[in-house]
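Every chain is named by a letter (A, B, C and D) in the order it is written, and numbering of its residues begins at 1.
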Amino acid sequence: MVTGLFNYWIVVILMMAGLYIVMSSGHLVKKIIGLNIFQTSVFIFFISMGKVSGGTAPILKDGISVFSNPLPHVLILTAIVVGVATTALGLAISVRIYEAYGTVEEDEISDMDKENRQRETSVSTVVLDKQ
Amino acid sequence: MIVATVFIIVKLDRLMTAVMMMGFFSLLSSCIFMILDAVDVAFTEAAVGAGASTIFFLAALAIVGRTSKKRKKEKTLMPLAVVICTGVVLIYATFDMPYFGTADAPIHQHVAPRYLQESGDEVGPPNMVTSVLASYRGYDTFGEAGVVFTAFIGVLLLLGAGTRKSGLERPVPPNVKVESMRQKIVLREVADLLIAPVLIFSLYVQWHGDYGPGGGFQAGVIFASVIVLYALIYGIVPAQQLFPPRKLAYFPALGLLLYAAVGIASMAMGGNFLDYGVLMPDPHDGQHYGILIIELGIGITVAAVMINIFFSLSERSL
Amino acid sequence: MIEQLPAIQLLLTLLAAPICSMLRNGDQSWRLATLVSWASVAVAGALLHQVWDGNEISYHMGGWPPPWGIEVVVDELTAIVLLLVTLFGALVMTALRESLSTIMRHQRQSLYYTSFLLCMASLIGITLTGDAFNVFVFLEISSLATYTLIARGRDRRALTAAFRYLIMGTIGATFILIAIGFMYMLTGTLNMADLAERLPEHRDSRVLHASFAFFTVGIALKIALFPLHYWLPNAYTYAPKATTAFLAATATKVSLYVMIRFVFDVYGVEFSFQQMQLGTLLVPLSLAGILIASLTAIFQSDAKRLLAWSSVAQLGYMSLGIGLLNLNGLTASITHMFNHAMMKAGLFLALATMIYRVQSSQLTSLAGIGRTMPLTTGAFTVLGIGLIGVPFTAGFISKWYLITGALDKGWLPVAVLLIASSLMAIVYIGKMIDVMYFKPAPEEFSNVREAPMSMLIPCWIFALLTLYFGLDTRITAGLAGRVAANLLGAS
Amino acid sequence: MNHTLIYASFLTPLIGGALLVLLRKNENIRDAVSIITATILFGIVLCLYPTILAGNTPSVTLAEPIQGLGLTFTVEPLGLLFATVASGLWILTTIYAIGYMRGANEPNQSRFFLCFAISIAAAIGIAFAGNLLTLFVFYEMLTLATYPLVTHKGNEDARRGGKLYLGILMCTSIGLLLFAVLWTFQLTGTLDFRAGGILQGNVSPTVALILMTLFAFGTGKAALMPFHRWLPAAMVAPTPVSALLHAVAVVKAGVFTILKVVIYIFGIDLVAETGAGNIALWVATFTLVAASIIALTKDNLKARLAYSTVGQLSYVVVGAMLANAAGIVGAAMQIATHAMGKITLFFCAGAIYVATKKTEISDMRGLGYKMPFTFGAFFIGAFSIIGLPPMAGSWAKWHLMMGSIDASQWVIVAALLLSSLLNIAYLIPVAARAFYMSPEQAVNPGRTVIEEAPLFCVVPLCLTAAGCILLFIFGDALDHLIGLIPLTRAAP
């Protein structure tokens, strides 16, 4: 059992490490790194599913009859592309955040936002009272 | 080892190193993919994870700074709890999974055999991944091209490339990184040597996808990384002169349209969307040419998108 | 031609997107985008007509039969969601030009339309597909497009909202990917109909249990079901004006559609509700969501944020209807999916129209706007009344079914809570309308003009549709009833 | 033919409303449109009489928004009675409103008349509703359409009044009435108004009691305490609106709803057997007395009349809850006769305001000689409300009294008597002061000579006063119509 499932367990640990980075890190770029790791681990999981012991890469050649399953490979090719697209967009947004706030630390940003909102609400209540 | 790498990343505050480690992680996973017979995936992961993503990260870090701050303890407890819960669910699930590598697992029984046994006759290319990717699940791949294109539009809308007139007409401020690279003669020489073969290699990957690992996507990324290499060494301005962003911005759209055009052509010929078989009198030829053209479409889209995104990101740091 | 309709439905918008991006001229792009979106409305209408009597269209992409190729399936539920996405998308698109003109340079606009079209196309793609993995692909396109659309908001907080959504959305999508992977592992297939056939034999497998758990959490993140809603208020508040209308109408609704499809069709009613007890989870959470979000809405001082919280509450109605698991409840969910999309899109659009003139969504700046922009405010009022659920409006119909559903179950307290939440809706909508009509306008806005026609007309179409669907419910509740019976009968 | 008539009765006010908005440029044409529409509507309603008197109940379905539940119009005697009252009084109210609005130079007159027309359409919808859903739909429409009327003045007072008005009516209707409607639907699977009721055999006595209480309180327009506050609050509206609220449409819609529910949803047998109406009955009895006492303390004429209305409405509720033939007849008659009497009183109050700008009763001494017609009519209206012969109100009071004796509810008999005495105490002095006390000249030195109100105001109020008497004389015709209401389940 241990040998049969060992591979999956490793993947789970990797996934969780990635997820942990995403959720615990305060630095936006590091969050994206975490996302990347999380996704890549899921990819490894998919590919592990498709492996057949003793099989080879799914390319037709004479004399070979046992192949690994090509379908997960296709799915993961697509998923990798999705991943890099997300990464690029995420980075673009964090760059813009940096330009707008001067920082990419989540805590600092939310502090600034909080101040902002307090100002807005206080202004609006004052005006409403006046009316 | 791969686990160790990840834990190092968890702890790291120096983001530069974290990114490097991430690239390393990608490279390792790509090795794992290789071991697991997923050559195409390994190829892609190496090109994208270790290549393109890392470069994007570096370009972004150049703007936002390289260190992250430690957070308070309380803020890390909640995520930890969530992560552990999720992990437990996953581990719980694994107990009912077929053992790794089992040949008679259901996954290998139902749909896959047809790909394995008949794709050679039905579609043609010996590389089954290509057949599935481009033909059986060509619609997914079309969607994938759509994802890349969407990301491109997103980055362009947010950061803008070429539209800012920054690259060409603005006087280049002294940039430490670029300057220092230029002076390193060894690097330059090596790069000069590399660029041409890699370009050719990318074309090979593009056209050879039918037979070996590779295809439009990998080719596109490799092509793009050549340009990025060029830009890193000679500076972004000459690179942009070579590939003016304004014109480059048309290419992703063109690639996507090329892909769709094949599909629409097959609709016009009386088949379903992306049914290449009807394109030619002989369905085999139809499949063959259809796949070639859509791979080209993907290649164009991906290469242009990657270069564009890199330009957009690095332009900002100028 | 007729049999190609499903592909045409998707291609219209998806192909217009790259063309739009090449046009580089805001007005031309807008013309193209608007034309194309109305064309897709027509196609959606034709599809609805085709499947009206319970027919099902199956279209094989690439000519490969499922489960080897990817199948596109259109049935009544699909058709109504398609109509929702295209019709409301087209209405918002029509109004988008004026709305954008104040926040974006001309050249950027065409890129914005491109994003918008991509978002619409991918939502159509999600709705159409009969393949589990394909759902993931299109879900990602729609997410990426949505992040972009949100991040272009005027306020810098739009960026953080978009980033937060990106993180949450990607985690959600990856969870869904894991769930799909597990399902695939058990059955070896990705086709949804095929999965539905093969999954029941694995009903005791832990892999399937985990798959269900991951799917539920993942999709709940996307739908913004309470308590996973926390990205939504900010995203809706800071997204550029008219965009919010589109997102509120479509994005969460399509995710809800995915949930219904998977929970009822793929996993199967029996598995989802008896073995996994989804209902026991959904009902209390939905109720809590409805009450807490309604209460929060009451205390907002920003009109957009108020409506965003109201959206969280209204999504609770829909998930509650699913949780009730009876004919009336499910009918209510599907009907409300359509009706709420319509009303909330209209409200946000009317609000966007006002913001177009006063440049702020704070309630204080909207004071007295009922006098300066009577037509817009009129539309807003009609839609607001619909949201409360006053008879003669679409909102009444869905609430009727929902409460009847709760009573059918014999859950009197649930019915009482629902009515209480309607009263809260009166309070928060009443608060806005009160400010708009009766508070004196701030001086700087005392002579704003009525909005331009291209925004006003879509607003009123939304308002009139709200009234129309309060009377003629054949294609909302009537169809939803049949669909619900099918979904429940499938068990 | 009948179907066309039913459609026409609902559409006429709406078309008229649209027309008057289109023709708003010219005041005279616009107002003429109002009057003509009102007359046509009344004519249409009258045309429906032969059919009903022949014992038919024509029915049309407009749309079917919910499976098995249509927006259905069914004409039956009770509804026709209400429709007649509403449409007949609409003519007079319109004429009066034209005079009043012009006399008082109110702004936004087109909006005013439009909302008026929509309100009448809603009232007709309520009258002809073929099931509870339809009734509820138009009930809400009436609330929304009258809201702009209540806040017509647009000042702070009007807004506060309007908020209270809308708040109470919406909250009770959505919170309680809708709930009761849904519950009924869930129990029986239908909401049709059927002779003998639909709940028979479907409910336990406890559920029946809860449901009836929900219905009674949910119908906020019936102004049972403690949900009566909106009625005095709505007094900020111009007087024609008050007339509309009190006599023509709104409160009548409320008590009409309760009557309909008792007769056609519960069936009086069920109510009598299970005592489902008990809570509502006692609350109504309490309201009856309490409102009259509060009315005594009010010096503002309109406020006093408002509390009077609160009390008088409870007569109808009491009659309905007694659940016997006499009670129902009394309640139905009370709808018609109170409408006639109260509208007279409000017209008078309005006329006094237009002519003298006076609103407080204590200021009205001696006005009777200056405005003989107005105060004469006031007398007649007051008598009718109190229930003294030869005024119409006496029939209603008589039947109600008989009903409570039949039911052996002696406390209620006593309450009715007490209330009548209180009615005398708060209504008669108003007119009496005007005639028998000399005006205090010193209070208003330099005031211009007070004259009778404009003709547009005086004629309608004289007509309604005459109506009060006519209804007494032709009381048996009324009795005949009400007698057609099927009180028990039709033989299968």
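We take it that a residue touches a chain if its C-beta (ideal position, glycine included) is under 8 Å from a C-beta of that chain, and two chains touch if they have at least 3 such contacts.
Because the structure is predicted, anything quoted here is derived from the model rather than measured.
Across A-C and C-D, it is A-C that has more C-beta pairs touching. Centre-to-centre separation of chain A and chain D, using mean CA positions: 66 Å.
Centroids of chain A and chain C (each the mean of its C-alpha atoms) stand 25 Å apart.
Distance from the chain C centre to the chain D centre is 44 Å, each centre being the mean of its Cα atoms.
Our note on geometry: chain B versus chain D, Cα centroid distance of 75 Å, whole angstroms. Residue positions 133, 137, 140, 144, 147-148, 151, 178, 184-185, 190 of chain C each touch two or more of the other chains.
Multi-chain contact residues of chain B (touching two or more other chains): 90, 95, 97, 105, 107-108, 111-112, 115, 137, 140, 143-144, 147, 150-151, 154, 158. Counting partner chains per residue, chain A shows two or more touched chains at residues 19, 22, 28, 49, 71-72, 75, 78, 82, 85-86, 89, 93-94, 96. Shown here, the protein chains touch in an arrangement that is not a line, ring, star or fully connected set. Listed in rising order, the residues of chain C touching chain B in the complex are 4, 7, 11, 14-15, 17-19, 21-22, 59-64, 67-70, 107-108, 111-112, 114-115, 118, 121-122, 125, 131, 133-134, 137-138, 140-141, 144-145, 147-148, 151-152, 178, 182, 184-190, 194, 198, 205-207, 209-211, 213-214.
Interface residues of chain A, counted against chain C in their complex, comprise 19, 22, 28, 31, 35, 38-39, 42, 45-46, 49, 71-72, 75, 78-79, 82, 85-86, 89-90, 93-94, 96-97, 100-101, 109-110, 113, 116, 120-121, 123-125, 127-128, 131. Partner chain C is touched in their complex by these residues of chain B: 89-90, 92-93, 95-98, 105-112, 114-115, 135-140, 143-144, 146-147, 149-151, 153-154, 156-158, 160, 163, 249-250, 252-254, 256-257, 260, 263-264, 266-267, 271-278.
Only residues 62-67, 71, 133, 136-137, 140-141, 144, 154, 159, 163, 166-167, 170-171, 174-175, 178-179, 182-183, 185-186 of chain D touch chain C when the two sit together in their complex. Of all the residues in chain C, the ones that touch chain D in their complex are 385, 388-392, 396-397, 400-401, 403-404, 407-408, 415-416, 419-420, 422-423, 426, 430, 434, 438, 470-473, 477-478, 481.
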